[in-house]
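Per-chain numbering from 1; labels A, B and C assigned in written order.
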Amino acid sequence: SQGIALEEMGLSPPHPQPNFPLDGKAAVVEWDKRKIWRKFAENYYLFLGTPSRMWLDHVFATVFDLKKRLSPETADLYFDTINDALKTDAFRPRALFERFNIELISTTDGSVDPLEAHQKLHADGWGKKVIPCFRPDDAIDPDHENFRMTVAELGRQTNEGVATFDSYLRALRARRAYYKKMGATATDHGPPSAFTTILAKADIEKLFAKALSTGLTAVEAEYYRGHMLVEMARMSLDDGLVMQIHPGSYRNHNAKLFTMFGRDKGADIPRAVDYTSALRPLLNELGNEVSFRLIIFTLDETSYARELAPLAGHYPALKVGPAWWFHDSPEGMRRYREQITETAGFYNTVGFNDDTRAFLSIPARHDVCRRMDSGILAKWVCEHRMTEEEALNVARDLTYNLVKQNYNL
Amino acid sequence: SQGIALEEMGLSPPHPQPNFPLDGKAAVVEWDKRKIWRKFAENYYLFLGTPSRMWLDHVFATVFDLKKRLSPETADLYFDTINDALKTDAFRPRALFERFNIELISTTDGSVDPLEAHQKLHADGWGKKVIPCFRPDDAIDPDHENFRMTVAELGRQTNEGVATFDSYLRALRARRAYYKKMGATATDHGPPSAFTTILAKADIEKLFAKALSTGLTAVEAEYYRGHMLVEMARMSLDDGLVMQIHPGSYRNHNAKLFTMFGRDKGADIPRAVDYTSALRPLLNELGNEVSFRLIIFTLDETSYARELAPLAGHYPALKVGPAWWFHDSPEGMRRYREQITETAGFYNTVGFNDDTRAFLSIPARHDVCRRMDSGILAKWVCEHRMTEEEALNVARDLTYNLVKQNYNL
Amino acid sequence: SQGIALEEMGLSPPHPQPNFPLDGKAAVVEWDKRKIWRKFAENYYLFLGTPSRMWLDHVFATVFDLKKRLSPETADLYFDTINDALKTDAFRPRALFERFNIELISTTDGSVDPLEAHQKLHADGWGKKVIPCFRPDDAIDPDHENFRMTVAELGRQTNEGVATFDSYLRALRARRAYYKKMGATATDHGPPSAFTTILAKADIEKLFAKALSTGLTAVEAEYYRGHMLVEMARMSLDDGLVMQIHPGSYRNHNAKLFTMFGRDKGADIPRAVDYTSALRPLLNELGNEVSFRLIIFTLDETSYARELAPLAGHYPALKVGPAWWFHDSPEGMRRYREQITETAGFYNTVGFNDDTRAFLSIPARHDVCRRMDSGILAKWVCEHRMTEEEALNVARDLTYNLVKQNYNL
């Protein structure tokens, strides 16, 4: 956002475009990691006030025992200290897992992932500590760039084929069963909206066939996704996998960046999301089921008090996931508790989980959440809105008990 | 929301559905009130952090003089204490009315209510203390399940008939006059949206006839409601009844619950509401009239600073009602003042009124609002944003003067 | 908003409507300025809690050295003190400019303004202190009441004519060049929405011709504006003028007031605005350009954390403007920092600028912002989220450095 090209930070575009130089100059990929680190240190002040800054400071201080702040002056000290540490056995992932006192991590895996790493973890006795999560966006969103390939692979892997919509559903069930066998307790869904619908059998069959042949229009794709979310919910009722939905991100917003560097390069931008009308078909079929669990995450904070807390305060199946992504931050967490609690209480939320891809930042992220939740509880104790004993119970529930309970751990 | 069936809490569905057992088990209605109360006490911790909890604690402590907190251990003590108290004369409604130092309560009454209770209150000299409020949703919303029945009854009661749209308007005017005679100073409207419109006479006449014969489409019904809100505003300009609109609730969101237990069982969920465009036709006709008063309540807090405060800060007719329903809570009230005051000041709001159906909770609800408003005023005094004297004046206006003034009391 | 007619405050409608008396009484224009001032003083308490009140108190105390608060009792003292002061040389605009320690003011000027005042300022050596800003709404929004007149004048002034869309673009470029020559560093755009689009050449040419002949439909006008915003952005890339967009106001909401008194009488009401989808066409063409600068202001605070901070945290060209208009207030500024900083940091914002038309209030407005930002920084220092030294650096950047840097000053 400050005009430093990704190439300057060492990212090499897999698909460089000859006609996309920034400002007329083709960017040169920097390979010298120490130089890249120095540039990062020079610009570290830009992160002030952001949670990224807070997590990094926490990691530097607590994981690497660095006592001075990162700055142009300390850049080399940091570079060397971190590199030296990473070479030691104490910094192997499993050693850090123990050091961080982590009980369980879940990966997120596309619907046709063979889960080989998880097989190895099982063989090593780590199968209960690192579990997979079934994320079938690539198999149920016709707009996903790998949709057809994934559906074909789905039929192949499960020996169900995907000649009919029914065989496709059977293949999805088979994959879910495999993930469950490998330790999964949940599924994860990232549709562009929260739209759900229940189509007549003939209609969804027609859409399925069309999606695999000529492709769907934008509206048809939305109906397809909306119906498939309900199918996923039905399967969850049967197999007990907790269903997580986190809608509302406009993925790959920056077309040029996407063309050059591909997905997931930071250009996903939230949008306003309706839940009240959108989730009604799914909730009307399954929201009253106490053995179905649906956890909703949102990027649109306006829905906390207006829609999600009232929905979670009513439907037994529905819980609100923690403040997430852009809102997984001190102020964001405060807004979350202040806007959710009064209508949904604490016990229609699921405790904290982070979705970091930065392994070293896990303690920092949980530390931030515990501090923020504790701060709010302390304030409410001081205002005589609860007793200290009650607050301590809630604190334990938010950090540990609610998580285990809601994710069937 | 925690999976305890309404039947377990003693609710007996008037329309049980043989094919709607929760999780495959038909729920059994619990009739033993002491057992129900014990279950409530066991689960009382679930309410932590909610205003319901705060109101209940306040009622237990101040109305029933219970000194220990409600818990499984104190459940029987509570049950017996409350039952004993309720048998005494001191706990008769009128005695509590005096004890609570209430000056006035308004009921809310459908458009063809004979107001028999109010006739009795008048006969007893209580006619100035408990007044009705005209709520004609059942007569002006074609989607209301009793619409046709109510319209027919309207014509019968008023001897106007409802053969034409004009006679229907005359019948509505006659009912308003009756409510006013019985003490009403206000009307109350709960449309799904804030949409208003002014249709040509021929068009609304056509819609009226169609609504009573074959019925309206969803879009026609919205236009009908939008036009009728303007008709209600016109009548308010004439008869001086203050008009209250509180749009934006998706009523009876849980279809199965509605089928089994009927309306108003806690399954009304808010939605995003547009006011700026939606109210413009009504405000363009009547917003400049100083003798018309329109009070808007919202369930969509995003409209506080963006739409309602600017509208109330401009149109003489328009005032913003207090934080309401899901937002009638400590944090909700703080958000209300912080987001409304800077554009609309205090004097385009109407003080606090609660809409509780729990008579015993009235003092608690006003207590919460007074504490929150006082807290904000105190903060602003400390920040030198007003003097202590000014804050004390505002405090009195918010609790008493603005209410009387804006509701013509 | 409190039912005092504009006429009572001395406003004389340029276009009085015989059939628009407020409440049946034709309002009488009050000409006695002292009487008007007394009425203002009597009603001054109504402003309690608003920033208007805060700015006025600040101006009275610091600019006019008035020690007692404005009230009915001090109304005459204020009236006389202010009038006496305004007659002195010390209260001439340029003297106050120096006294207020202002470095630079920008005016906002329609697209065919001859900028005569700026020519005089240049002649007096004030050309670097008071600069123009190019605001072409009247030339690029077909719904602007002066659109055709302005476009014709544009062609005349620049000798380009406006026979074709290309000549119209050349004329706009010529006007921008003239503003730049007169000191402008920025343009300013106030469209009803943030919608942008890139039309095929033949399509925009057709719309241009139709806009000048039979006029456009509402949808066509939106496409026209959306395309023209992209054209303006392209011109900014070429000529270096910083582009400011502040969408989302429903202008002249009160039709009767507009008919009687004309534009800009306080009846502009914000609406919900989508940025994520709306700005994508513009950002996809120009958002990655480090030499293009786009500053977005919003009246819809829900977009801070959800859309604007994520967009500004990604696109090099995009920055978020300060809390504006209805939100240029203590609580509004707090919400701004709390919702923007965590995703966009401080360095994707542009420091504070106010858009007051009340010259005397400039120090007050900056004072409020500095206090609020300092308060937030102090809080974050106390919470160990930054060091005191870092906070002091940020404070200087927010008040001075970021402004100069982002507006090319």
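Everything below uses one rule, namely that a residue touches a chain if its C-beta (ideal position, glycine included) is under 8 Å from a C-beta of that chain, and two chains touch if they have at least 3 such contacts.
Computed from a predicted model, the values in this text were never measured in an experiment.
Contacts between chains leave no pair untouched here, as each chain touches all the others. Counting every residue number used by either copy at the subunit B-subunit C contact, under half are found in both chains. Subunit B and subunit C have Cα centroids lying 39 Å from one another. For subunit A, residues that reach two or more other chains under the stated contact definition are 272, 302. Residues of subunit C that touch subunit A in their complex: 272, 274, 276-277, 280, 283-284, 287-291, 302, 305-307, 309-316, 318, 338-339, 341-348, 380, 383, 385-387, 390, 393-394. The touching residues of subunit B, counted against subunit A in their complex, run 1-3, 22-23, 45-51, 54, 69, 250, 253-257, 266-272, 299-302, 326-327, 329-332.
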